[in-house]
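Contents: one structure, followed by commentary.
Order of writing sets the labels: A, B and C. Residues in every chain begin at 1.
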Amino acid sequence: MSNAIVSIRQLSKRFGPFQALKEINLQVEQGDIYGFLGQNGAGKSTTMRCMLSLIRPDAGEIELFGQSLTTNREAILSRVGCLIEKPDFYKYLSAFRNLELFSRISGKPSSRPEIMDMLEFVGLAGREKDLVGGFSHGMRQRLGIAQTLLHDPDLIVLDEPTTGLDPQGIIDMRNLILRLKTEKNKTIILSSHNLHEVELICNRMVIIHKGESLVEGRVDALLQEEDQIIRIQSTATGQAQAIQVLAAQFPNLNYRVLGLDSIEITLAKDLIPSLNAALVQSGIPVFAMEAKRKLEDYFINLVSA
Amino acid sequence: MKYLLFLCLPFLAGAQQADALFGQLVQKFKKVHHYEVLAQIKPNIPMIRILPVRANIQFQYPNSYKIQSAGISILPKNGFSELPQLFSKPNQFTVIASGQETLDGVNTSILTLLPLDNEGDLILAKIWVDATSLLVMKSLITSKTNGSITSTFQYAGEKSWGLPARMTFSMDVKKFKIPKGLATDINRTSRQVDAPQQKGRIEITFSNYKVNG
Amino acid sequence: MIFLYSTYNELIKIALKPRSYLGLAAITGLVGIILFALHADGMSMISFVTASFEQTLRFEGEVLNGNLVAFIILQMLIVHIPLLVALVTGDLISGEAAMGTLRMLATKPISRRQLLGSKFLAGGIYTLLIVIWLGILAVLVGRWIFGPGDLMVLNSDGLVIIQENDVLWRYAGAFCVAFFALLTISNLSICLSCFSDNSIGPIVSTMAIILLFTIIGTLDVPVFDPIRPFLFTTHMAAWRSFFEDPMPWDSIRNSLWVMTLHHVVFIAVAMISFNRKDITV
């Protein structure tokens, strides 16, 4: 029996002459942190909007919690918390009042203490009476998260949750998402064009490009298919020595010289320890050895293809 | 000269009779120092829709009227208070006998009152007097500003005081105009307006007189 | 239940939005000015109306009373109130779209029909409050300052004088019909609001439609005769019929039917369009 929380099949949407989505397929399992990866305008937000019934698809099927969105919209949405694009609130109302309003129609109205607790949870304690019009983007984003979580949804949909946040805000958001997964076993779908973010947080992902889903699956499994790229920084002499030693140890070595002191080597993941040992045994000074971010290359290869 | 005097004699005699009659009317009028009466005012005037209104009328000699009504009541501009005014200043008019006429079976003498002073608003007043009972049966007041208003009088219990039980005024309403732009509503579809009748009537029925009480 | 919650939400939003008080403040200010002007120089205004009658007749009693003042206020302001209503109701959907909150609302477990229905209901309640406020200021304050009395109304076919004890129920009826007419404006502007993602568009469009229909209604051109009876603006002044004698019940009934038809059309169009609307902002 499938454990799918979200199942999208053959989803298509056209805005006038523009084909926004073309036969998108994806499946999100219980407990996933699922990443929608794609360039701006790729179709991530449109897919999410279709999932939340903001947009009516032209074709395809969307099922959440094993029920059709078309026929069970209200029941499904009562189990979903979402933050689509930027968090927009009534600027002339206070943070508390905003949460109260949205909670009232979320299917499970929250009490005053629950709202206050949630404001504290997102770091807005003491700001409940302040008008949202005076909030910074980061504060609104946190209020948006509070609004998303207030009715304790089973599925959380976050569209570009870190956009516009400062570095600390990004880290806080990332930690919050991981906590929701680990502590509360929530299923989370997030979209991003930030590859690093997806690589760090998500266990499964789909790459959407020009309205089409290019690949979908576990992040580690997808990246496993690819060779690793290792960047080694040494000295000018060390660079030449390293090429010599490694070429001897690894036939058909695929390498690239970078500047005067570095090389970039592409090889299978299981050969990396041998590479490390060979360099140490040869006494080559190694100042840094790092795996180049794989998803970045994976994504660029996929998209440019 | 004698011939001329002879020719004028009937007129002089008539004038004397008219003066005497008018004097008697004035004397009768003077007996009423004050009175209070309930009035039912029932206008029937083209272009005006109003239900009959009850009013309390208080009169104080010589010509002071106080009308109190719960709401808006409509009275003729002339004719209601003009007669007492005429009676209160008998020396300011020339009284001319203008013949006889039978009104509702009652023989009346017609007196024309011409103001001596041309400055006032009144041009002419004509009254039809039942000489036997000294009652004004009809009046016609013509003024510079308000045209002519005819009033007829009917009497009952307060005959002895010369106070009517009913007065009926009729007046010309040709001049009534509705100011454009004030009455018509935006988008109001036009309604058929009946052809305006030429005369308006106001009937006042008096009851519960309290005379000199 | 969620429909009631949503309606409550909408009312709170209206109540806490500064714009909502513009209408009430404008009505208060305008009524205040009219009351002051009538108090200072009301008789000359009345004399202007009754001048031709007063050549022959004289009016006894307080012609300038609270009931007449209320009528004058109603007559003067009813033309402007559609703008004040549209200012709030025209913003109910498009304002949310412009703010981005429509997106938030539409992801909640409330059907679009219920969401829109709650906005129609809230818009109607706001309109009712405007009418009640106008009624309080016009009738109650008017009577408090000028006192009660018979109402003298100048209709196109002459003067009608309605007795004091016959006036209040007429006002009640007139305000009900005026509310029903303004509800048409509210529903029209909410309907237009479904087609726009900015706040000003539906308000301007509503006023443009009222202006256009009013011009068609008042132009004495036979080509417009067939459509004139079906324009809602033709029936906006139906409240005035309550001050005619005899009262034209048929005309009032007809106006209510035409306006009801407009309500149904505006709500139906809005429901269909909002249900199909892709919320992309």
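In this text, a residue touches a chain if its C-beta (ideal position, glycine included) is under 8 Å from a C-beta of that chain, and two chains touch if they have at least 3 such contacts.
Source: prediction; values computed, not measured.
Make each chain a node and each touching pair an edge, then name the shape: line, ring, star, complete, other.
Chain contacts: open path, no cycle.
Counting C-beta pairs in contact, which chain pair has more, B-C or A-C?
B-C
Of the chains present, which has its C-alpha mean closest to the combined C-alpha mean?
Central by C-alpha mean position: chain C.
How many angstrom lie between the CA centroids of chain A and chain B, rounded to a whole number?
Measuring from centre to centre gives 100 Å for this pair.
What's the distance between the Cα centroids of chain B and chain C, rounded to whole Å?
48
Roughly how far is chain A from chain C, centre to centre by C-alpha average, rounded to an integer in Å?
Inter-chain centre distance comes to 52 Å.
I need the residues of chain A touching at least two other chains; which ones are they?
none
Can you name the residues of chain B that touch chain C in the complex?
Counting only chain B, the residues touching chain C are 45-51, 53, 55, 67, 69-77, 145-147, 149, 171-173, 175-179, 182-191, 193-194, 200, 202.
Any idea which chain C residues touch chain A in the complex?
Its residues touching chain A are 2, 5-6, 8-9, 12-13, 16-18, 99-101, 103-111, 276, 278-280.
Where on chain A does chain C make contact in their complex?
15, 49, 52-56, 73-78, 80, 82, 84-93, 97, 101-102, 104-107, 109, 147
Under the touch definition given earlier, write down the residues of chain C that touch chain B in their complex.
That would be residues 48-49, 51-63, 75, 79, 149-150, 152, 154-161, 163-164, 214, 217-218, 228-229, 231, 233-237, 240, 245 of chain C.
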